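Listed after this line are the structures, all set down as C-alpha cells.
In what comes next, chain A is part of two complexes: it sits with chain B in the first one and with chain C in the second one.
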Partner chain A sequence: MQLLIVSWLLLLTGGILAPALGRRPLAATLVGSGSAALGSLAGLAIAVGALANGQTTGLALATTIPGLTLSLRLDPLAAFFLLPVHLLGLLGAIYGGGYLRGREGRLPGLHWLFYNLLVASMSVVITAANALLFLFAWEGMSLASFFLVITEHQEPANARAGLIYLLATHLGAALLLGGFLTIGAFAGGFDFSAFAALSHLPGPTASLLFILLLLGFGSKAGLFPFHVWLPEAHPAAPSHVSALMSGAMVKTALYGLVRFLLFLPSAPGWWGGTLMALGLAGALFGIAMSAFQSDVKRGLAYSTVENVGLILLALGLWLFCRGRYPQLAALALIGALTHILNHALFKGLLFLGAGSLLHGAGSRNLNRLGGLMRRMPATGLCLVIGALAVTALPPANGLLGEWFIYRGFLEAGVRLKGLAAFFPLVIVGLLALVGGLALLVFSRLIGIALGGEPRGSRADLAHESGALMLVPMFVLAGLCLAGGLAPSLLLGPVLRVAKAIEPPAAPLLAQAGLLPLWLGGLAQGLALLLVLTALLGRWRKPRAVTPAVPTWGCGYLFPTRRMAYSAEGFSELAGVSFFCDCLRPRIEGGRSMRLFPGREVFRHQAPDLVLEAGFLPLFAWVAARCTRLRRLQSGLVHIYVFYIFSVIVALLGWVAIRL
Partner chain B sequence: MLIRLFWHLALLLGLSPLLLGVIAKTKAGFAGRKGPPLLQPYYDLARLFRKDMVISRTTTWLFRAGPVVGITAPLVACLFVPFGAIGAPLGFDGDLIFVIYLLGLSRFCTAVAALDTGSAFEGMGAAREVTFACLVEPTVFFVLIVLVRLTGSFSLGGLFGPALATGWHTAAPSLMLAIFCMLVVTLVENCRIPFDDPTTHLELTMIHEVMVLDHSGPDFGMILYGAAMKLLLLGAMTVGLALPVSLGSAPLDAAVFALAMLILAVLIGVVESVIARLPLLKVPQLLIGTSLLSFFALILLLR
Partner chain C sequence: MGNLANLLLLLVILLNFFILGSSRLGACIQTAALQGALLACVPLLMNPISGHTLFLAGSALALKGVVMPWLLFRAIRQVRIRREIDPMIGYVPTLILGTVATAGAFIFSDHLPLVAAHRGSLVIPCGLATLGAGFLMMITRRKALTQALGYLIFENGIFIFGLLLTEAMPLMVEAGVLLDLLVAVFVMGIVVNQINREFSSLNVENLSLLRE
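On to the complex of A and B.
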C-alpha cells in the first residue's frame, strides 16, 4: 500500500517537473514519460503482487474535512482493475514518447502533467475506500482526461469534442454526487467500512440509488444512450490517450458500478434486466454505428461502446442471478471480468495501431489509407492480431470472455422454465448478430486500411513507426496471443476476483478452471496446424510464385487505385439490407444523371442518432428556457459574492430552524 | 478416440469432394447433359495442387494466409461435429461456440485476402460475404439453441446424439423447422443457388467465387477443398438433425452417413436446377425470413 502511494508521488513529481522544463521539449518528454512509465510499472507490480497473494491491505489517515478520510484499500477487486490502468499507463507513456516527438512547436510538458495526473487519479479512484475521496479522484480523472482530449484544441472539431465530453462527464458526476450523499446520509459516514449498513436499505431508496449509480457511472462507461461523448472524444485525443481512456478509464466506471452494487441489498430482478437491456442495446447500436464510420478511431470508439455493452450485459446477468442461481452468476461474472481484461488489451492495441497509421500515413480516414501492410508491416501485424482478438476469433484472447458470456446465457436458457427462458436464448441469437457485425467492421478495417493499393498520396509515402511506438504494440499483441493460447494467464486473476465476490460458487469456479485447457489447447493446436499448412504450401512449390503481375481486373486492363472498394461501399449492403432508415448514413450528391457529367460533390456522414436527435435538441430546448436566468449573470464580481453570501445565510437559517 | 479420428478424417477427406461431383452430375442430368465425371473434383484438386501460382504484386502475406486458414479452420471444426452416428473425436462443454467462431475465422481471413488484392470485384464479394454472414449466424445459433434446450447438452456431440432421437417424439415441429433452416444455411454458406452461383459468367453477380478470383494453383486448391469440407460440415449437421439413429457398428454407420450425405447432395443439385437465382437485394430478405423461422422454432419449443 505504501509502495502504491510512492508510485503516485513519482507520477505527480514527474508531472509537475515536466512543464517546469518548458523550453526544453526533449527533457520534458524524458522526465514526463519516464516518470509515467516508472510510476505505472511500480503500480503494475503492486497490483500483480496483491492479486497473487490475494490479501487485502488498507490505510486510513484522518483529515480535518468532515466526512473525508484518506482511507485506501487494495483488495482483489481493486487490484484487478489496477492491472489495465497501470499496464496501459506504462505502455502509453512509452508510446507517447515516440508519438509526440514529431509534433514540433508544441511543448509536451503540459501533456505529460495531465497524463500523469490521469494515471494517478485512476489509481486513486480504484483504491479509494472513502466515497468523498473517490469523488475527488473521479473529478481529477475527468478533468485530466478533458485536458488530454483537447491537446490539439486549435481544431474546432476537437474543441467541440472536449465540450461534449466535459458536459457528459459532469452530468454523470452530479448524479454520482447525489447518489453518494444519499448513501452517506443513510450509512452515517462516507467510509466504505460504514457502508455495510446499506444492505438494510428499504427497497425504493435502494432502487433510486441503483438508478443514480447506473446513470452516473454509465455516462462514463459508455452506457447506451449516454455513450455520445466516446465517438467524439476518442478521435480527438492523441492515440495513446485514447488507448488509456478506452482501455482503462472506461473500466474505472465499471469498477465503481460493481463496487457499489456489492454494497446494495440483494437486487430485484428488474435491476439486472435493465442492465441487460441497456447493454444489449449498446452492443447492437455501437457495432452498427461502427460499420459506417470511415474515421478509424471513431469506428474504434463505437466498438468500445459495443464491448462495454457486452460487459454490461454480462454484469446484468450476474446481478439478475445473484442469490438465485449461483452457478449462472459465477459464469456471468467471470465472463464480464475476462472481457474487461481482454478489452483493455485489444482495444489498447487497436488504438495504438490506429495512432501508428495516423503517424505513418497521415490520415485517420480509411479512404485515404490502403496498401499499408506493405509499407508498415509491423503495425499491420499488430493490427491484424488486435482485429482477431476484438472479433473473438481463435487463437486470440477475445473468444474467452465471449465464450463465458454465451455459455452463461445458454445455461440460463436451459435452466429457466417455460417462456422465461425465451429472453436469454434470444440474447444469444442477438449476440451472434453482434459477432457477425463485428466481423464485418474489422475485416473492413484490416482489408481497406492495410490491403490493396494506397488510396491517398500520403499513404503511398507511409513509413513504419519508430521503436518507441512499436514496442508497446508488440507487448499488447503478444499479450493478446498469449491470452488466447494460454487462457490460464487471464483466468488466474479473474478467478481470484470472482472467488472474492461470489464465494458460494466455488464448485463451478473449479469446474471453470478445467476449461482453459480445452480452449487454450485448441487454440494452440489451431495455431500449430495453421503454421504447418502454411509451411506445407511453401515446401511443395517453392518455385511456383510469380509475383510480377497486377491484380486480375476481370479483363479490364487499366484499373486505377480509385476503383478499389471504399470503406463506405463495404458496409453499404449491410446498411441497405437490414438497418432501419434512421441508423443509415446520410448521403448527399454523387449521383450524376446528365449526359456529360461534370464536377460532383459526394458527402457521406454517419452522425450519432442519439446525439443528433436526442441530446442536442434537448439541450437547445433547455438553453432556450434558461435565457431568463441570464439576468442574474451580471458579470460583476461583487454581485456574485453577494449571491454566495445570501445562499450561505439561507442555509444557516434553514439549519437553525431545523435545530 | 483414435478410431473415431480415423473414421472422421477418412470421411472428411475422402467424401467431401465427391459431394461437389454429385451436385454437378445432378445438375447436368436436369439440364439434359452428360456432365463431368463424378470424380472430377478430385482430378481438379490434383491438377490445382500440381500447378504454378500467379500472385498479384499488390498482395502481401494476408493474401497467402486466406487459403491456409480456409482449409484449416473447416478441418478443425469438422472434428467437433458428429458424422451421423459416428461420434465427434473432439468435444467439450460449449464447443458449439468455438466451432462457429472457427468458421468466422475462415470467413475473416478469406475476406481480408480478397480485399488485399485491391480489386473492386473482390472487395464487392468480401462485402457481400460478411454481410450475409451477419444474417446466417443468428439462424445457426437459433437452430443450435433449439437443440440445446431440447437435449440439455452444450457440446455438438451431445446435441446430435441419442437425446435428439427422443426429442423427435416431443418436439417434431420445431425440429422440422430447424432442418429447413439448416438446409438454407447449407445453401448460403456453400454459395449455392438461389443465393449465389459460382458458375455464372459474370463476376458482378457472384459472392464467394469473386472473392477468390486472384487465387490460383495450390492456393485455389486449398480454397476448393476447404469449401468442400464446409459443405460436408453443414450437411452433417442437417443430416444429424434428420437421422439421429445408430446401427451399432462403425462401418455400417459410416456407410449410412455417406449415403445420407449423397442424398443431400442430390437434393442440393435438384434445388439448384429448379430454382432461379435470387436478385441480390432479395437475398437478405430471405435470410431474415429464415432467421425468423428458426426463431419461431424456438418459440414452438418453449411453448
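On to the complex of A and C.
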C-alpha cells in the first residue's frame, strides 16, 4: 500500500517537474513520460502482487475535513482494475514519448502533467475506501482527461468535443454526488467500512440509489444513451490518451458500479433487466454507428460503446441471477470481468495502432488511407491482431469473454421458466448480430486502410513509426495473443476476483466443466495451422515472381487510385438492409443518371442520433428557458452583496422561526 | 467590568449610525478607526488579562485603529475625493434601514438559545447590528473606497462575535482573521487605483462593464 503511494508521488513529482522544463521539450518529455512509465510500472507490479497473494491491505489517515478520511484499500477487485490502468499508463507513456515528438512548436510539459495526474487519479479512484476521497479523485480524473482531450484545442471541433465531454462528465458527477450524499446520510459516514449498513436499505431508497449510481457511473462508462461524449472525445485526444481513456478510464466507472452494487441490498429483478436492456441497446447502437464512420478513431470509439454495452449486459445478467441462479451469475460475472480485461488490451492496441496510422499516413479518414500494410507492416500486423481480438476470433483473446457471455445467456434460456426463457435466447440472437456487424466494421477497417492502393498522397509517402511507438503495440499484441493461446493466463486473475465477489463462483463452474480451457487448445491448433500453411506456401512457390499488373478497371482507360471501394461503399449494404431509417447516414448527391454526367458532389454524414435529436435540442430548450435568469447577473457589486445579505437575513429569519 | 464593556458596545452601535449617515469620507474613516480602537479594548474588559488577550487587543488596535485608517487616508489623498456623492439609496433611508437592522438584531438575539453567561449581554446583538451596517454600507455606496470601509465595518462585526470565543479560539485563527482583513484592504486599495486610472472615477458600477 505504501509502495502504491510512493508510485503516486513519483507520478505527481514528474508531472509537476515536466512543465517547469517547458523550454526544453526533450527534457520535459523525458521527465514526464519517464516518471509516468516508472510510476505505472510500480503500480502494475503492486497490482499484480496484490492479486497474486489475494490479501486485502489498507491504510487510513484522518483529516480535518468532515467526512473525509484518507482511507485506501487494495483488495482483489481493486487490484484487478488497477491492471489496465497501470498497464495502459505505462505503455501509453512510452508511446506518447514517440507520438508527441513529431509535433513541433508545442511544449509537451503540460501534456505530461495532465497525463500523470490522470493515471494517478484513476489509481486513487480504484483504491479509495472513502466516498468523498473517491469523488475528489473522480473529479481530478475527469478534469485531467478533459485537458488531455483539448490538447489540440486550436481546432474548433476539438474544443467542441471537450465541451461535450466536460458537460457529460459533470452531469454524471452531480448524480454521483447525490447518490453518495444519500448513502452517507443512511450509513452515517462516508467510509466504505460503514457502508455495510446499506444492506438494510428499504426497497424504494435502494432503487433510487441504483438509478443515481447507474446514470452517474454510466455517463462515464459510455452507457447508452449517455455515450455521446465518447465518439467526440476519443478522436480529439492524442492516441495514447484515447487508448488510456477507452481502455482504462471507462473501466473505472464499471469498477465504481460493481463496487457500489455490492454494498446495496440484493437486487430486485428489474435492476438487472434495466442494465441488460441498456447494455444491449448500447451494443447494437454502438456497432451500427461504428459501421458508418469514416474516421478511424471515431469508429473505434463507437466500438467502445458496443463493448461497454456487452460488459453491462453481462453485469445485468449477473445482477439478475445473483442469489437465484448461482451458476448463471458466475458465468455472467466471469464473462464481464474477462471482457473488461480483454477490452483494455485490444482497444488499447487498436487506438495505438490508429495513432500510428495517423502519425505515419497523416490522416484518420479511411478514404485517405490504403495500401498501408506494405508501407507500415508492423503497425498493420498489430492492427490485424487487434481486429481479431475485438471480433472475438481465435487465436486472440476476445473470444474467451464472449464465450462466457454467450454461454451465460444460453444457459439462462435453458434454466429460466416460461416467458422469461424467451428473452435470453432473443439476446443470444442479437449478440450474434452484434458480432457479425463487428466483423463487418473491422474487416472494413483492415481492408480499406491496410489493403489496396493508397487513396491519398500522404498515404503514399507513409512511413513506419519509430520503436517507441511500436514496442507498446507489440506488447499489447503479444498479450492479446497470449490471452488467446493460454486462457489460463487471463482466467487466473479473473477467477481470483470472482472468488472475492462471489466465493462459490469458480468452484461451481469448475465442477460443471464450464471453464473453457480447451479454447486455448483450439487457438493453439489454429495458430499452428496458420503458421504451417504459411510455411507450406513459401515452400511450394520458392520466390515465384508474380508480375505486378494493375487491377482490371472494367475497360475504363484512365483509372485513378481513388476509384476503389470507399469506406462508405463497404458498409452501404448493412446500412440499407439492416437498420431502421433513423440510424441510416445522411447521404446527399452522388447519383448521376444522365448520359454525360457533370460534376457531382457526394456527402456522407453519420451524426449521432442521440446527440442530434436528443441532447442538443434538450439543452437548447433549457438555455432558452434560462435566458431570463441572466437579468440576475447585473454586474454591480452592490447587487451581489445585496443577494448575499438577503439570503443571510432569510436564513436568520428561518432560524428565528424554528427556535 | 461587564458594564464598561456594554457601554463600549453601545458606542460601537452609535458609531455605526454615524458612518451610515455621513457623506464625508474623512469623517467616515476616522469613525471606523475609532470603532476599531474601541473594539480592541473590549477583550481586555471582558476577559482576565493574559498574554493572549493582550496580544489580541494590541494587534487589533494597531491594525484597525492605525494601519488601515492610514492606508485609507492615503488612498483618498491620492485620488482626491472628499465626499460620497449620489449613493444608491439616500442617507435617510439608509439610516432607517440601519435602525430596522439593529432592532432586528436585538429581537433575533433574544430568541437564540444562548449559554447562561452570555444571556443579556450586548455582544450578540451588537455584532449582528454591525454586520448589518457593514452590509448596508456595501450595498448602498458607489465608491470603491466606501465599499472598503463597509468591509472594514463588516469585519468589526465578525470581531465582536469572536469576543465570545476568545477563550476557545486559537491565537493563529485570530491572527489569520486580522491578516485577512489587511490583505482585503490592500486589494481594495489596488482596485480603487485601477478603477480610478481606467475610468477616471471611483464608481464601482464601472466594473459592470467587465461582466460577460
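Keep this in mind: the second predicted complex is superposed on the first by the 608 of 659 C-alpha atoms of A that agree within 3 Å, B and C clash if a C-alpha of one lies under 4 Å from a C-alpha of the other, contacts with A are read in each partner's own complex, and residues count from 1 in each chain.
Keep in mind that, in the parts below, a residue touches a chain if its C-beta (ideal position, glycine included) is under 8 Å from a C-beta of that chain, and two chains touch if they have at least 3 such contacts.
None of the values given here were measured: they were computed from a predicted structure.
**Student:** Contacts for A:G279 in the overlay, against chain B (first) and chain C (second): which applies, first, second, both or neither?
**Tutor:** A:G279 contacts neither chain B nor chain C.
**Student:** Among the partners chain B and chain C, which is in contact with a greater number of residues of chain A?
**Tutor:** B
**Student:** Is A:G635 in contact with chain B, with chain C, with both, or with neither (first, second, both, neither)?
**Tutor:** second
**Student:** May I ask you to decide whether A:G96 touches chain B, chain C, both, or neither, giving the answer as first, second, both or neither?
**Tutor:** Neither chain B nor chain C is touched by A:G96.
**Student:** Answer with first, second, both or neither: which of chain B and chain C does A:F422 touch in the superposed model?
**Tutor:** first
**Student:** Please indicate which partner A:R561 is in contact with in the superposed arrangement: first for chain B, second for chain C, both, or neither.
**Tutor:** It touches chain B, and chain C stays clear.
**Student:** Where on chain A do chain B and chain C both make contact?
**Tutor:** The answer is that chain A has no such residue.
**Student:** Would you tell me which residues of chain B are touching chain A in their complex?
**Tutor:** Of all residues in chain B, those touching chain A are 49, 51-65, 67-69, 71-73, 75-76, 90, 92-95, 97-98, 100-102, 104-105, 107-108, 111-112, 114-121, 123-124, 126-128, 130-131, 133-138, 140-142, 145, 148-149, 152, 154, 203, 213-214, 217-219, 222, 281, 283-285, 288, 291, 295, 298-299, 302-303.
**Student:** For a test of understanding, state which residues of chain A touch chain C in their complex under the given definition.
**Tutor:** Counting only chain A, the residues touching chain C are 633-638, 641-642, 644-645, 648-649, 652, 656, 659.
**Student:** Give every residue of chain A touching chain B within the complex, in rising order.
**Tutor:** 370-371, 373-374, 377, 380, 384, 387-388, 391-394, 399, 402-403, 406-407, 410-411, 413-414, 418-419, 421-422, 425-426, 428-433, 435-437, 439-440, 442-444, 446-448, 450-453, 515, 518-519, 522, 525-526, 529-530, 533-534, 537, 540-541, 543-554, 559, 561, 563-565, 569-574, 576-578
**Student:** Along chain C, where are the residues that touch chain A in the complex?
**Tutor:** Checking each residue of chain C against chain A gives 88, 104, 107-108, 111-113, 135-136, 138-142, 147, 204-205, 207-212.
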